[in-house]
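Letters A, B, C and D mark the chains in the order given here, with residues in each chain numbered from 1 onward.
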Amino acid sequence: MKKLINKVDDVLNEQLKGFASAHNDLLKVNFEPTFAYRKDAPIKNKVALISGGGSGHEPLHNGYVGSGMLDAACPGEIFTSPTPDQMYEAAKKVDGGAGVLFIVKNYTGDVMNFEMAADMAREDGIDVRNVIIDDDVAVKDSLFTAGRRGMGVTVLAEKICGAAADAGYDLDQIEALCRKVNRHGKSMGMALTACITPANGTPSFDLDENKMEIGIGIHGEPGVERMELKSANEITQMLVSGILDDENYTRKLHEWSSDKNDWVDVKVTDEPIGNGDRVIAMVNSMGGTPISELYGVYSKMEELLEAAGIEIARSMVGHYITSLEMQGVSITLLKVDNELLKFYDAPVHTPGWHQ
Amino acid sequence: MKKLINKVDDVLNEQLKGFASAHNDLLKVNFEPTFAYRKDAPIKNKVALISGGGSGHEPLHNGYVGSGMLDAACPGEIFTSPTPDQMYEAAKKVDGGAGVLFIVKNYTGDVMNFEMAADMAREDGIDVRNVIIDDDVAVKDSLFTAGRRGMGVTVLAEKICGAAADAGYDLDQIEALCRKVNRHGKSMGMALTACITPANGTPSFDLDENKMEIGIGIHGEPGVERMELKSANEITQMLVSGILDDENYTRKLHEWSSDKNDWVDVKVTDEPIGNGDRVIAMVNSMGGTPISELYGVYSKMEELLEAAGIEIARSMVGHYITSLEMQGVSITLLKVDNELLKFYDAPVHTPGWHQ
Amino acid sequence: MITKQEIINWLERAGEIYEKQRGYLTELDKAIGDADHGNNMNRGFQKVTENLADHSDSDIKNILSMVAKTLISSVGGAAGPLYGTLFLKGAGSIDASDEISDSDLLHFWEEGIKGVQARGRAEAGDKTMIDSLLPALETLKQSIGNNEEITKALEKAAQSAKKGMEETIPLIAKKGRASYLGERSKEHQDPGATSSYYLVSALAEAVSNNSSE
Amino acid sequence: MITKQEIINWLERAGEIYEKQRGYLTELDKAIGDADHGNNMNRGFQKVTENLADHSDSDIKNILSMVAKTLISSVGGAAGPLYGTLFLKGAGSIDASDEISDSDLLHFWEEGIKGVQARGRAEAGDKTMIDSLLPALETLKQSIGNNEEITKALEKAAQSAKKGMEETIPLIAKKGRASYLGERSKEHQDPGATSSYYLVSALAEAVSNNSSE
């Protein structure tokens, strides 16, 4: 294992310490339990946004803490969901009286830990909602499984909802907006290589020189299918088709009902993306892929979208949601209207996204 | 070789095509000869900044084209200097009548190609100056060699001079400012792994699992020394000491003299960085290193700088000047005063740097 | 009757096993998950073992609640809330005392597993920890119903857990991270079912060792 | 006398050699540089060969100027401006005609190499292309001074270039990218000295082949 680290057990804390001081103009980091939060939190009467998940996806989520995006982020161990006490303490720290939205990627661990945290925070009188992001079209079956994973749409949900919170949306509105983003966005990813967590010291899976994994998540886990290595054009074609050909995806999501004061299962159906739509198009590095290669993928993606009658309203190419040093790429398309675009364009000041 | 590419010969053009469309709000790309330039160029009466060098260092240089930074960038083949016709045509395209500054990394090829381009542009009546950036402290000997390489200070020179050009500095002033940045900045880098250029398909050097290269450049070339793999703390210590312990570096740089109307050798001595100084501190990924690891390095660097009585005025952690998918890190320190800091803080809108 | 010392021994024994099997559990999780289950369980139970030192004066209910909170706040992932809930609901179902009856132990498992299912909504056959927990519970219930000796009863429960664990191998995962793999999740033993088997067998060991003293 | 056809054959032969030795030159550059010299030379000379097709009506001076411009605008790196300058200054030193005298050929090399040194400021012993070019030039000058046959003269010049190339092996690089390596640049043959040897030997081949026709 070749990594810029010291003792394996210290990795997370040392990195967080460095992160905190490198960005002390924007945020602070609390330890025991661990969470990063806006320096100026709580913002009175603004809905607070909290996300979190395993570490190793940098800049997600810590890198999106700051004005215009997240109020707090809770990092777990590498590729392991954070624990409820982190989100609970973060919620208490950043709630400005207008309630808290948890943006949760749809991994069993994340979902359960955030649910427990929400229950804890509600006991303290904080109004908390959990919105689940499950945008990974590579996972087909859903009714009796954990469903689709949360991927690139998470970043867009954080950005767009962050701007809406700044603009004065209340908790109900932000919750609805966040669900809308999730329903309008789809992602698919692939890996050329595995990655190595410091704790394990060996690759998360073994992949031959002439093989690739298609339909991966973001935790160094194997994908839905292993196949022969293909050209960038063929890979891009697979990812874009995966997204555009996705049929009306319907599943039940576990959401908090303020009316019923309990968790309920809500049936949700995604919007298809097709002819005449405008999208935000993200080409995301899995971490170790050079930025230049992303542009090759972008070029082919644009050609395919144009052929499908889809207009790229905004483009994102870079490191947004990664898996350590894994080489590979994911594509995310978010179908937008004026509301989403306006919030996407709003200013943001975080370590990972400045505009 | 595992890369997101199609045919090896098409790599650069395909990537540039994607780059151009992904950022068509900011810039355009000219082909034959190849250069990226600000969409709104030429800007009348503003000094135009042009840089360039081999490709494979993304976001450098193309990614720094836009308002507040470069007017044009000329990408060569991967790790190969661009050719004079590129800079010549770019100069004609972006000169707004106030002259053109070439920011040149000190590699023999870059230096010569930019010199030839400057000679060509001057024949057309464009006032051109070449400032050489040579900030790599790992290279010690200099009097009879190619001297030090250009590394992270290049990015800061582009940013700071870009802002100064916006602020109305004339060509003499910008040239002087750029030289000042170079004299005030130092860098050192290391690699955990080599990288693979598409044209070659094999690693640029062979490195055992327990070895690292210290004192590398940015072209996948071996470093000044190969040694046992060390911890992040030890590595950071080596890089920071390399910079802080660097004695008064003096060399001759080949510069254009407007007075003599000829190239002259100018003796230049760097500023040391030490107790009481304020710096911009950059921790730069060589490409394939996860962002999180950079923060571990940052943490140790901060501790060392504090012990040396140096204050970090601004911090940069991320991908600025890379070598494809190489894993490793470089540290750049730029000693700043109010002038440099003001221009560093100015707004910038480029694919690689937005603020 | 299970004594407080036996409970402590159980938890310490589990800690030893998870430390020893950290690599193996992680390896299992590498095949169909994200290669962290051993690390997660080990982190949690080392914390539990540490915390036990401060609990010499606590009763069993208290100790088990401490385990719940420790797991919830240190394991993370899917395993953290699930094992945390197991202990939380289990501890909630028994009286505060320095020893518990066999039927209290049964309640612990019954309510604990109910909690796990309420939280994770996995059914038998979904290729999860439930697949070793449910058979173990079934066996324990029968044995205790038949007034079998507790040592023997736990021994048999551990055997059932083991069988359940092994029977996850051919299954297609329906819950948790392995479910993303669909058909590819076949032919692999579920890591959580494995760690659950360890938990039950650690109890069997702790109780039998103690009784034989 | 060197004919235009011989010059064309020279350039085409150089193109063939660089194509064949692309990997070898790059391998040499990998050891002490950035592993692109073979790619650079091959790219440039393939372009030259392509462009030759449009130059059937040009005289030698024109052809050599075309080579200069082609190399300058397609090779890049250090080699591009240096070889470009070699041809630019070399072409500038001869008359426009369909054949050139032996002494014109000598001028070509003399002025060309002077240009390379003016541009790159390398001296003999700096471990660069200069280390094969200068000995070749020296030999050529002597042979032509002694009125030796041009075929023979070029043959000997190529031998000197080869020797110069081999003698770069023990040197510490003082110029170019290899100079960053300091002591580590020892025990490696310089890629540019190698490509220069190829250039001289291609000329020797082209002229001798033609003469024997």
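Note that contacts are C-beta pairs under 8 Å (C-beta built on N, C-alpha and C of every residue); 3 or more make two chains touch, one makes a residue touch a chain.
For clarity, every value in this text was computed on a predicted model and none was experimentally measured.
K.L.:
Would you pick out the chains that touch subunit A and also touch subunit C?
P.N.:
none
K.L.:
Taking each chain's centre as the mean of its C-alpha atoms, which one ends up farthest from the centre of subunit C?
P.N.:
Chain D.
K.L.:
Could you grab the centroid distance between subunit A and subunit B? Build each centroid from C-alpha atoms only and quote it in angstrom.
P.N.:
32
K.L.:
Centroid of subunit B to centroid of subunit C, CA atoms only: how many Å?
P.N.:
Whole-Å distance between the two chain centres: 56.
K.L.:
Per the centroid of Cα atoms for each chain, what is the distance between subunit C and subunit D, given in Å?
P.N.:
Roughly 76 Å, centre to centre.
K.L.:
Listing for subunit B: what residues touch at least two other chains?
P.N.:
Residues of subunit B never touch two or more of the other chains.
K.L.:
If I count partner chains per residue in subunit D, which residues reach a count of at least 2?
P.N.:
Within subunit D, no residue touches at least two other chains.
K.L.:
With chains as vertices joined when they touch, what's the shape: line, ring, star, complete or other?
P.N.:
line
K.L.:
Which pairs of chains touch one another in this structure?
P.N.:
A-B, A-C, B-D
K.L.:
Would you pull the subunit B residues touching subunit A in the complex into a rising list?
P.N.:
Residues 2-6, 11, 14-19, 21-23, 55-56, 58-59, 63, 192-193, 209, 212, 229, 231-233, 235, 283, 287-300, 302, 312, 315, 317, 319, 322, 324-325, 327, 329, 351, 354-355.
K.L.:
Inside the complex, what are the residues of subunit C that reach subunit A?
P.N.:
Residue list for subunit C touching subunit A: 26, 30, 32-36, 39-40, 43, 72-82, 119-120, 126, 173-177, 179-182, 184.
K.L.:
Which residues of subunit B touch subunit D in their complex?
P.N.:
33, 54, 76-85, 107-109, 112-113, 115-116, 138-141, 144-146, 149, 197, 199-200, 204-205, 217, 219-222, 224-225
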